[in-house]
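To keep things clear, I will list the structure first and then write my remarks on it.
Residue numbering begins at 1 within each chain, and the chains themselves are lettered A, B and C in the order written.
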Amino acid sequence: MALVDIRQLGISFGGLRAVDNFNLTMDDGQLYGLIGPNGAGKTTIFNLLTGVYKPTDGEFYFDGELMNGKTPIQINKKGIARTFQNIRLFSNMSVIDNVKTGLQAKYHYSMLDGILRLPKFGRMEREMTDRAMELLKIFDLDGEAEQLASNLPYGKQRKLEIARALATDPKLLLLDEPAAGMNPNETAELMNTISLIREKFKVSILLIEHDMSLVMGICEKIVVLLYGRVIANGIPDEIKNDPKVIVAYLGE
Amino acid sequence: MDFIQQFINGLSLGSIYALIALGYTMVYGIAKMLNFAHGDVIMVGAYVLSIAAMQAGLSPVMSILFPVIVCMAACTILGVTIEKIAYKPLRNASPLAVLITAIGVSYFLQSVALLIFGSNQRKVNSVIPKFSLSLGDIHLSGEAITTLVVTVIIMICLALFINFTKVGKAMRAVSEDKGAAQLMGISVNSTISLTFAIGSFLAAIASILFVSSYGFVGPYSGAMPGIKAFVAAVLGGIGSIPGAMLGGIILGIIESMAKAYISTELADAIVFSVLIIVLLVKPTGFLGRKTITKV
Amino acid sequence: MKNKKNIIYTAIAIVVYLLLFALVETGTASRQMQNLIVPVLVNIILAVSLNLIVGFLGELTLGHAGFMSVGAYAGCMFTVSCNLPVYIELPVAFVIGGLTAAVFGFIIGIPALRLKGDYLAIVTLGFGEIIRSILNSMDIVGGSGGLKGIEKSGNYTVAYVLMIITLIVISNVIHSCHGRSIKAIRDNVIAAESVGVNVVYYKMFAFVLSAFFAGVAGVLYGQNLGILKPATFDFNKSIEILVMVVLGGMGNIKGSIIAAVILTVLPELLRDLADYRMLFYALALIIMMLFSSNPTLVEFRQRIFSRSKREVN
């Protein structure tokens, strides 16, 4: 059974059909690219999948379960985590606390444990710190653990967002333009990191990206969106040579 | 008969709320901030009016016109100055910081008035000529009629201004999207300043009508009507001009009915309860628009 | 390192108490100063509990005096109508006051979940006014004349213990995963939801906890003064507490404590300047916000601050 099964998903904002008849299936561990010109509806699809927007029609099955109507929190608990196109960190919290916020669901202790500083509090906090440091290390952020998130340079903020998303232990990771604003070196490094986390965490990834070399380089399959509709879906080589895609990107 | 009289009292009270609410709604719609000090600008206007009215040796017409013009000028300048000093530096700050600053400004105006004029209420003579209408048992004072007429005229002018003039369109553009408006060559800062000027000008008119109806002003006179007018703006749907009008009238009627038939003591409590209930049922108010959060 | 910090804090708490004890019992402190101790402690509880909402949750409420009054009346009504030994009566009164305020915190929390920013400020302001009007017209609690004949059992020791409990609870909450969730909501609601933070639950929790301690502070206030008047708990009281939070630094508990002490003691010492008190509050709010949120002024402040730091080194 496919991990992700999206059937005829669509949403309208007033008269605007932002996404129409979107279908996609993803298997465990697959790395899928979602590309398209600006305003094609890519981020809207992320918002539909994470419960930020409610679809007007269609169904979204994740791990065999219908996700329509679930809240962002419920969806995250089911195993979907995301990053944001315009970075949304907890900017007045430390880098490590950003990651710990993602870990909390798994290392839970009660209010009473916290207020009375019962043993469970200390144990869970310690385990959380260790786990958070492991995650930060992967993204080369362990040196900045105690810094305020807002003081990180742009590229590191993007990485921290991915680390925070991974902290929730997702089966599916949605990355919204992770390489935006990075230089070619940083992008190359990010590509390696993405491949690494995919193997290490056994996570499926759906990736929105404008950097074609990144998308073509690491994605197994790519789906192309134009005006809210899918115009192509296949392996990178097919996409590269698809006349409709070429027209969409370069014009007639 | 008493009921109709109360209804008319509410209408006249409500039209003052509506007038103040128009100022709130304009500033909120464009600068996206609750100008807590709006009510206190009205208080300052009332003091200015009372001082200007003492000017001796003016012709009968000028003795009305002079204080009115001075009051309008003072409020407008005050409003724009507040915006320049306190709000403009916080244009990109968190809404919380702006709101706290606005509360600070409101407190500042009150405390300055307290230091200058003391806590006693000061008598202000009405600048509205004495006349009244009576229909059987129902009595309409000149102040009530003037307030109603002026409020309706101003609402219409404001709606025309916002919808059909170039500056009005610029204001609407800024309220929709500051960034995009700037790219289209609209100066966001001067548009916001202008909005404050208009809002404060409306406050001056409200101040004249308010103080003419009540006859007294004290350092805290503006605070409660200001807050209630904001409640009216929220009830009607913030940012909507007819909404402010509708909200103000409804609030005025509720308040005067509550005072007459339930309890004077609890009238304010009832007004605020209505607000809480309306916001729970319809957070956008009667005529407000729903907005989509962008992610 | 954590332990070392705890030991220092405990030591400070004991030393401060011994100091108070010495000042009061030996009669070194003037009557005026002695009478100020409990109000200072009450204000610390109020400021720290309000900081939980304003500083850590990032929402503005203007009804803290409302929560305080609800708790005060509930708790003091209990002590007035019961005739139990004081060591039973008083703790029960605090719990009753706290819980009653917490219930109201829950009720006010419901609109707070849907509203934010300016709307919430107005709703909480309205809530404070509603409570005051109702208390004013309720004869059973003395109406506008006030609730009289409350036993003055809230002495400085009781107040000090309550303040310490408040500080421990709120500070422990903030430095736990629950506090992290509250701060995450403040910084970015959408991101908080995306990592599974239960926004509804934690917003509600912050409101209830904050209201609880405001209620406790209210009972303490009543049990110390011996009388409760609705007019005490007006909008100005809420603003006074807000000024303490803002002046001490939003999200800074130590700052709230210092600001509460200064803003309670100073007006008493400078009685001649009482008229300027409001003006000072107003300027404090405006200047603090400008210096904490205007980019140019923030830079200016940081420059000066870093220079003085360098000189110290």
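Operating definition for what follows: a contact is a pair of C-beta atoms (placed from the backbone, for glycine too) under 8 Å apart; a residue touches a chain by one contact, two chains touch by 3 or more.
Since we're looking at a predicted model, the values are computed, not measured.
K.L.:
Quick check on this structure: which chain has its C-alpha centroid closest to the centroid of all protein C-alpha atoms?
P.N.:
Answer for the innermost chain: C.
K.L.:
Between B-C and A-C, which chain pair shares more contacting C-beta pairs?
P.N.:
By the number of C-beta pairs in contact, the winner is B-C.
K.L.:
Approximately how many whole Å separate the CA-defined centres of chain A and chain B?
P.N.:
47
K.L.:
As a quick test, compute the distance in whole Å between the mean CA positions of chain B and chain C.
P.N.:
32
K.L.:
Using mean CA coordinates as chain centres, what's the chain A-chain C distance in Å?
P.N.:
About 41 Å separates the centre of chain A from that of chain C.
K.L.:
Would you pick out the residues of chain C that each touch at least 2 other chains?
P.N.:
Those would be 190.
K.L.:
Where in chain A do residues touch at least two different other chains?
P.N.:
If we look for residues of chain A contacting two or more partner chains, we find 52, 84.
K.L.:
Which chain B residues touch at least two other chains?
P.N.:
Correct list: 295.
K.L.:
For the complex, which residues does chain C have touching chain B?
P.N.:
54, 58-60, 62, 110-111, 114-115, 117-119, 121-123, 125-127, 129-130, 133-134, 136-137, 190, 235, 239, 242, 246, 250, 275-276, 278-279, 281-286, 288-290, 292-297
K.L.:
Using the touch definition up top, name the residues of chain C that touch chain A in the complex.
P.N.:
Those residues of chain C that touch chain A are 168-169, 172-173, 176-181, 183-184, 186-188, 190-199, 205, 251.
K.L.:
Please name which positions on chain A make contact with chain C in the complex.
P.N.:
That would be residues 50, 52, 71-73, 76-77, 81-82, 84, 88-93, 97, 100-102, 104-105, 107-109, 111, 113-117, 121, 124-125, 128, 164-165, 167-168 of chain A.
K.L.:
Which residues of chain B touch chain C in the complex?
P.N.:
For chain B paired with chain C, touching residues are 28, 33-34, 86, 89-90, 92-101, 103-108, 110-112, 114-115, 223, 227, 230-231, 234, 263, 265-266, 268-269, 271-273, 275-276, 279-280, 283, 293, 295.
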